[in-house]
Amino acid sequence: MRDQVEIGMGRTAQRAYELDDIEIVPSRRTRSSQDVSTAWQIDAYRFEIPLITHPTDAVVSPATAIRIGELGGLGVLNAEGLWARHANVEEALFRLFRADEDDDDPDAVIKELQELHSAPIRVDLLTEAIRQIRESGVTVAVRVSPQHAEELTPDLLAAGVEMLIVQGTIISAEHVSRGSDPLNLKRFIADLDVPVIAGGVGDYRTAMHLMRTGAAGVIVGFGESLASTTTQVLGIGVPMATAIADAAAARRDYLDETGGRYVHVIADGGFSYSGDIAKAIACGADAVMLGEPLAEASESPGQGYYWTSAAAHPSLPRSQVLQVGSLGYDLETVLYGPAPSAQGVLNLFGALRRAMAKTGYSDLKEFQKVGLTVR
Amino acid sequence: MRDQVEIGMGRTAQRAYELDDIEIVPSRRTRSSQDVSTAWQIDAYRFEIPLITHPTDAVVSPATAIRIGELGGLGVLNAEGLWARHANVEEALFRLFRADEDDDDPDAVIKELQELHSAPIRVDLLTEAIRQIRESGVTVAVRVSPQHAEELTPDLLAAGVEMLIVQGTIISAEHVSRGSDPLNLKRFIADLDVPVIAGGVGDYRTAMHLMRTGAAGVIVGFGESLASTTTQVLGIGVPMATAIADAAAARRDYLDETGGRYVHVIADGGFSYSGDIAKAIACGADAVMLGEPLAEASESPGQGYYWTSAAAHPSLPRSQVLQVGSLGYDLETVLYGPAPSAQGVLNLFGALRRAMAKTGYSDLKEFQKVGLTVR
Amino acid sequence: MRDQVEIGMGRTAQRAYELDDIEIVPSRRTRSSQDVSTAWQIDAYRFEIPLITHPTDAVVSPATAIRIGELGGLGVLNAEGLWARHANVEEALFRLFRADEDDDDPDAVIKELQELHSAPIRVDLLTEAIRQIRESGVTVAVRVSPQHAEELTPDLLAAGVEMLIVQGTIISAEHVSRGSDPLNLKRFIADLDVPVIAGGVGDYRTAMHLMRTGAAGVIVGFGESLASTTTQVLGIGVPMATAIADAAAARRDYLDETGGRYVHVIADGGFSYSGDIAKAIACGADAVMLGEPLAEASESPGQGYYWTSAAAHPSLPRSQVLQVGSLGYDLETVLYGPAPSAQGVLNLFGALRRAMAKTGYSDLKEFQKVGLTVR
Amino acid sequence: MRDQVEIGMGRTAQRAYELDDIEIVPSRRTRSSQDVSTAWQIDAYRFEIPLITHPTDAVVSPATAIRIGELGGLGVLNAEGLWARHANVEEALFRLFRADEDDDDPDAVIKELQELHSAPIRVDLLTEAIRQIRESGVTVAVRVSPQHAEELTPDLLAAGVEMLIVQGTIISAEHVSRGSDPLNLKRFIADLDVPVIAGGVGDYRTAMHLMRTGAAGVIVGFGESLASTTTQVLGIGVPMATAIADAAAARRDYLDETGGRYVHVIADGGFSYSGDIAKAIACGADAVMLGEPLAEASESPGQGYYWTSAAAHPSLPRSQVLQVGSLGYDLETVLYGPAPSAQGVLNLFGALRRAMAKTGYSDLKEFQKVGLTVR
């Protein structure tokens, strides 16, 4: 049974684990890495690698969404970020980076980001951005928050969006509100013709509830990274190894409950090195949502900076704008190598393929059963 | 059952947890943060936020006691600190800060603090300080040590104190002394017309004994902070997650024993970030006692320095005088934001409200049941 | 029973330990260190100390292989490293070290190493290198990868190799490949007249399978060191204390299964200090494979740099080229002292001898039973 | 029962704890610190504080042995250290400190110490040093190694030694040697008229065996400190909380076995702060052996440097010569305060007294039962 700890008299907490706490065990079989497939299919869409981008402006512009699609992954544009608010994003980003050079005010960069996000969302800009992606022929995916999902979605669909990511830091299938009328996800999804991925969640029950809304995929985690400060600010945490395994259990139970509906589990957060991608799949994830690891690619709009969309919150930001450096390598090298360094930050999916080969597995679904150790 | 560890043959220790060891789990429900109440009521006094200040001169002057009261919390002036001993506190603090600049003697600042505390307590100064607070209309609370409680209290009440905090680093309901006549808390409280909050304690039994003295609230912990060195100096420690949960169990048992007397549990220490406030409530605290997190507000008398009253002990100080920097933000921003940074040090109670909303709770009492994980 | 942890619903991981997690317990008996033997015998070969070198060019040249043999250990030349590819290795290493001085490109040194390894393996160079070692009279051992074992071995044997190390980062007895025809270790070993040591492995089952191929020794671990980044890159880890103990269990079971065939367990990785050597033997290893600890000897070709052969991988390097400094002490002092420092990096095997003496054991086999603690 | 961990198949280790892992729990009672006694009596000798010095030249000269005795503790001179080998120790120490300034050779200081210890032990110097201490009227105690105990003891007794400390890094009651004739502790002690304290040991069984030799006290640990590197060098470790508790269990069992012979448990090592002294007593120690914490006193011969006698080993030193700085406070202030700092390094025994008072205990023996937590 799951480890329940009594932290004080009559008060229990559940023992939980981060990806850092676990390691993959080699097994009695090895395999050629050429014989390994990292392919991932969700709904009608097939990808060479199980990669969705975290919807942050630091990583995803229309141009990088296209490039990531061409390289076999799925880029997700934030429909409530800078590309939705500014005609000249380049200039907006220039203001942001310049604010970081203000030595007198370490908070200047967050203030600038808040200011940039106080501009209204413009449908014309969104439509144009989506058009660019659509014309390239890659799968078109955008992220909306639960708050703005109903308002923005008609225009997004009209513009050609093929997959919708409904994502807040932490969401639930049951939002309670006395004042406004919150999003009813189940009804919302039922009315749509495109698949919806929703999250993030952190436990079995919420994952199960989201699966029952009809979502094609559920996001686990809230983009934990060096930049993210959610746990510091709110005290809320999602130890990823445990959260992924719990959501995978929900997937299994929901599959049984529905007699065959398979909802994908997408892990968002806790990825520092390529090895963490393999660990997330090993815990039960179908795909990974990467942000920070892609921020260093030369094409990324953040130009070496990384932040999540929570950095722009007007009163309680939960992400720093962090200079993560720039590797001087392009997205293709970040994803597929060849790597001229041994840090685990280049050839991310070549590393996944090799981890699978070295433990004898030939596809992602099988690899979810690989042996693990914990310290 | 509670985890008992045999650390050596026949010698056991109880497994205990710090706030850092736990995280709050999101649950299946979310809520609008407008629908959340952080209100706290103790005895006849109601506060917008569950905040008592740690009674240190680094944070509480008559002026900041007033400001904190206006902002919905409870400021506690130390009746044995600098405002009780020096007519010109500004000049005393100036001497203190200057001593810290003495590069030849790293101990100069503690020596100066000891020197400043060797001046006698003057009732006229105390009376004047209390009068200032009383005139502002906010709740008037002061702290006395168990040693000086009986001697100082008549004058304090005469000056208008409405709530008395009897606080030593570690206190008990049963002080044994051969020489002098120690404070009998039960008799002392029975004789008073104002509610008393007493502490700090670190275990179930002492919490229960203090509740039986008639205290309205019990303080758990001894103000653990970056400045505090109690554990280093004495070897005595109070892992806060466990201590709060144990005191909450005492509250529950005492409620049952008395058929309805609810004694508040106030957590003092271990607060580095706003998320720690949410964690303390989640462990069972009714309110938090903050020191260091408020030291950086621009109004704080410590001007970026923080120390607890234990720093002034004449022979065995147990707190450093630590430069914690200055944010350049006022108390209102520290408590309510908006935060232009993501570090978890601004908008402390906005963060609490949001943590409650994101886990679907609408008041503090309910939030004490939120799910927890431990690593 | 072994500790199985449920990291999430229905997903278990095995609790595992590193050498760092354990310590050796003194016992009721002590012994003179003169009465202790550190001798190790595998197949017909006897060594004064249980030392095999990790087959990295940073440590093993023909000259240091000879010196290590003279000092009582076994030097293993990498048959696929620089001595197999370059007539002038000195010049090749000079290019490598110079590349590290390139401040504009932190990856220059790995790129240079990849470039140096793109030169073809030359049998004439290998034959000459092996001839040098053979002529000195020490035991001649070389390492080949599983991929090149069949192709290179005839020439190696012809040149005079007496012991063959078949070593990849992680290998198995059952390599699955659709395209090429992988090495069948069992048939390969059966056809050879020289003993084979194979690895690395990380678990009981793979160790057992390798033992059944007829190997004289099995390598546990993959050379974990400050330079190695395998876990970061692949997510695969081999906590050494557990892995050694598991392989020792396989040795015991295989001994029983075969009615007396003793296969040696050789620990490769996790050695920072001399104390780690004693710990590895205490966990059940028969010998240790050292790399980094020898890199600092004045004779080592790496001249203060250390890397494993995985650093030269063309698309996914898993070792840095790390400047570990240079002690200015020769191999003899590194292995046998006297040590003029207390860091645990000199007199490595004098330390092992003393650890055995202080816990009352007289040979390595007995010392495998010494008491352990874990934190 | 004690926690046994299976670190690998069929290989167990015992879970063990350091002083750092535990904390003392406040209890329902407090006490005046004036009502607390820290007195300690062993054999016919009574001390105001439970303090024996670690026998290192960095701390104990004849002069500081006297001063420590005057202050209520027991100073132990190393009969095999510099005062036994050099007529002009001041000059010897000057050479040592100067060697540390040699930037070209970080090992110069250990080499100098080895060189200084290669001088022979001179009975005349020892006799003179002991005479000085004896004349002051304090208890005269010296340390000998097991190797030199029989040879040196007659002269030491003749010179006036009242208590003998037989101490090696790790010793046992059963030393096995083929060549020389090792010390038979039981016979050795039986023949002496003065009480003997022997150690260090790390487990229940060895402690029990040493108690049966007739020793008045048993030393637990081997002087673990920032300077000591025993665990790094040998892999042997003694987690102190567990080791003390185990030795205290041996004391209890031996007391029962003999119908009343009480052998003292003296904890040697793991003391960074005053709080660690309280923790050691709480685990069951009767007294503490301090080295490093005294090295910073202005009277200490090491003048801010600290090392243990293991630093001078000719082939395998197991202690650094470490600059621990100098506080500029004298021994009296280090032991009894008043402390003008809050770091836990001054007023060491005032802190012990206060820890006892704050948890309601009045003497050391009772304090061994205080509650503990472990993280």
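Annotations for the structure displayed:
Think of it as A, B, C and D in the order they're written, each chain with its own count starting at 1.
Everything below uses one rule, namely that contacts are C-beta pairs under 8 Å (C-beta built on N, C-alpha and C of every residue); 3 or more make two chains touch, one makes a residue touch a chain.
Note that the structure is predicted; figures quoted are calculated from it, not measured.
Looking at chain B and chain D, not one chain touches each of them. Among the remaining chains, the Cα-based centre furthest from that of chain C is the centre of B. Homomeric contact chain A/chain C: same residue numbering on both sides for under half of the interface positions. In whole angstrom, the spacing between the mean C-alpha positions of chain A and chain D is 56. Averaged C-alpha coordinates put the centre of chain A at 40 Å from the centre of chain B. Looking at chain D, residues 17, 21, 242 sit in touch with two or more other chains.
Taken as a contact graph, with one node per protein chain and an edge wherever two chains touch, the assembly forms a single closed ring in which every chain touches exactly two others. Across the assembly, chains come into contact as A-B, A-C, B-D, C-D.
The touching residues of chain B, counted against chain D in their complex, run 5-18, 21, 106-107, 110-111, 114, 169-180, 182, 201-203, 205-206, 209, 229, 231-239, 242, 310-311, 314-320.
Interface of chain C with chain D (complex): residues 1-3, 17, 21-32, 34-35, 204, 241-246, 248-249, 252, 273-279, 282-284, 337-344, 347, 350-351, 354-355, 358-360, 371-375.
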